[in-house]
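Everything on this sheet refers to the single structure shown next.
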Amino acid sequence: MKKETPPPRTIGLITDFGLSDPYVGQMRAVLARKAPGCLVVDISHDVAPFNVAQAAFFLAASYEHFPADAVILAVVDPGVGTDRAIVGLEVDGRMLIAPDNGLLALAQKNAWAASIRAFDLSAAMDAPNRVSHTFHGRDVLAPLAAWLALGGKPGELGREIDPETLVSLPWSHPDIRPGRACGHVLHIDRFGNCVLNLEAGSLGVPTGLRLTVPAGGGLTYARTYGDMPEGGPGLLEGSQGFLELAVNQRSAAKQFGLSMGDAIELAWEA
Amino acid sequence: MKKETPPPRTIGLITDFGLSDPYVGQMRAVLARKAPGCLVVDISHDVAPFNVAQAAFFLAASYEHFPADAVILAVVDPGVGTDRAIVGLEVDGRMLIAPDNGLLALAQKNAWAASIRAFDLSAAMDAPNRVSHTFHGRDVLAPLAAWLALGGKPGELGREIDPETLVSLPWSHPDIRPGRACGHVLHIDRFGNCVLNLEAGSLGVPTGLRLTVPAGGGLTYARTYGDMPEGGPGLLEGSQGFLELAVNQRSAAKQFGLSMGDAIELAWEA
Amino acid sequence: MKKETPPPRTIGLITDFGLSDPYVGQMRAVLARKAPGCLVVDISHDVAPFNVAQAAFFLAASYEHFPADAVILAVVDPGVGTDRAIVGLEVDGRMLIAPDNGLLALAQKNAWAASIRAFDLSAAMDAPNRVSHTFHGRDVLAPLAAWLALGGKPGELGREIDPETLVSLPWSHPDIRPGRACGHVLHIDRFGNCVLNLEAGSLGVPTGLRLTVPAGGGLTYARTYGDMPEGGPGLLEGSQGFLELAVNQRSAAKQFGLSMGDAIELAWEA
């Protein structure tokens, strides 16, 4: 299956394996063995265990920063060893691969991609070599990523499928009306910034902005953290493509008592 | 000591240094300086401080996934700066190096290796350059790994020794009889899966399986997590070569109140 | 801006982003895209949020272990998006870049560097491509590091400035007199070792050593951890260039109730 060697491609990784156990290291060892010369870039291995939605957000927010021919592998896989499919999504040249459980859903809905193709790559599970039933990340998906990174064509391994048939996420879409927006907290980062499921720019530049659920009072609509008043909360266009609730050098999550998944409501002068 | 340059080799790392302090970064900086072009793969840096047995398990479970000529460095080193030896174990072409305190013991007992040779590499401590007394991982072992990865021959640096003379672990072997097995918890992973010191397959396919110490009731002998009943516990052949107590998408460690090192007993219909 | 390609350089990274969020992965993705072939080495991403002094210590203690032409990027950036400058410090061939907020202060005071030059590189913020207001680490500093790593000359991008004009740290210098030294805890590592702001060797080899603030009793002046009596505390020349309070295989921080920044006083026979 080896081709005339193209230059080595970058392989991105997202998992919920953590970095304490040797699991990620074993995946990277397999990649070193099967795709020598390829650069491996960790996006995050600290996805909350089994949290497909969080990994889907990390993937959708990150893939466009990779080289144009990167292969990105997402493994949050409660169904490992059962008959769930393995799928690939080619988004503008980058190849995203994952168990078919919703991990690709946000990247797939990505409105600004010029070209999206999907493939059923479950045939990768039929490899002749020893495959565990509990660690397909190492034994199936890493070898698949290596094969793709070395120039393997997804169409040679599996058939092209309709991207709309990929498993989707039970995704609650935001409700945006003049003067009011309801959404939820997509992610809380290390600094306590609360990423909302409201795309950057979707509210225009609101004045008289308030957080009404949970009751939170006035918010500065700010360009960056340093533009917010000391200790006062604000809403800004975050670096991940979504609006963020933030407090300069403090935790907005703590200040508003917010957790991942919580509902929020914003109001402003319409 | 430089040779006709062979292709760069992969260097694996296991330490108890954590990733918060700059220690691992300084080791990797030394590797970048002394072995440019070599790929460095972290297995884990989150071994519990001074826990040689845990690191020995991580090493034994991981080395075979690396390229056939990899150099793997394990540093859990409470005796740093004292007169403990530095040793190398060549297992089927891969070179494992570590302070001689038991870190290589599990890999050395590895039954399925075709060739095992050991070397006393303590001469690496005699380097002319500045060597700290408290961080041999950076100042002695990383340069040694770099030298080996660039093609250095262990026999040129130190004498070959009998692998049986390496420091061993106070390892309690499992007691397996018809219908009953006593062992202990080797490791608890991020998901709460309890890796036992019972090799995969060592019980056959038991029926009527129960956890009797600690009192735990029936266990499904399962192929993978998804095959276990919702919330019900099971025993399966884990990806690390050992049997694992697991609960589908929950923590077996919490459910049974198990910690690393705890004794367990399994019973089944003999 | 591309040159005759010199061999790829190593890029070091220090941030307070943690490894749970996808931020570091996005920075590395940008580096993979803009500086393919360059090796990226993480020093630490677990600097306490906004703790410029801790990152400055990590940087000063680590840069000299890198290859002689490395580019090292430090991002702890509470002022992101405001008009703080971006600066570069060339220390004996290695290029350190950071927001101008004190991150380079300890490396800059480094007494044993033969050559130190500083540059205002704020022009990197004028890039034509999309730049977020909240994540200059990914959108400004990583591309700048890539450009420098590929051979870009800092003098072509910004003007040389007097290193003394860089923002300094509110650094409390130790007070060392015959028989008495006052300082503070610079860093507490994973093992509970307390790194003091007293340079290694600055006390000579003291006899009758005691920790007087906080009240702590006698200390062994030891060469390495294993030379200290079991459970008894000691002072030693640590691997980071400073004296460390340590207890063999235990936490000195816990034993003395010390936290980062706490004042300490040592006394000995003058």
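Residue numbering begins at 1 within each chain, and the chains themselves are lettered A, B and C in the order written.
The definition used in the following text is that a residue touches a chain if its C-beta (ideal position, glycine included) is under 8 Å from a C-beta of that chain, and two chains touch if they have at least 3 such contacts.
On a predicted model such as this, the values are computed, not experimentally measured, just so you know.
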Set of chains adjacent to chain B and to chain C: A
Same-site or different-site touching of chain A by its copy chain C, using the half cut: different
Rotational angle, Cα trace of chain A fitted to chain B, multiple of 5°: 120
Distance between the centres, which are taken as Cα means, of chain C and chain A, whole angstrom: 31
Per-residue multi-chain contacts in chain A, two or more chains: 19
Of all residues in chain C, those that touch chain A in their complex: 16-26, 28-30, 32-33, 36, 49-50, 78-82, 132-135, 138-139
Chain B contact footprint on chain C (complex, rising order): 7, 10, 12, 14, 19, 39, 41-46, 58, 61-62, 65-68, 70, 187, 189-191, 223-227, 236-240, 244, 248-249
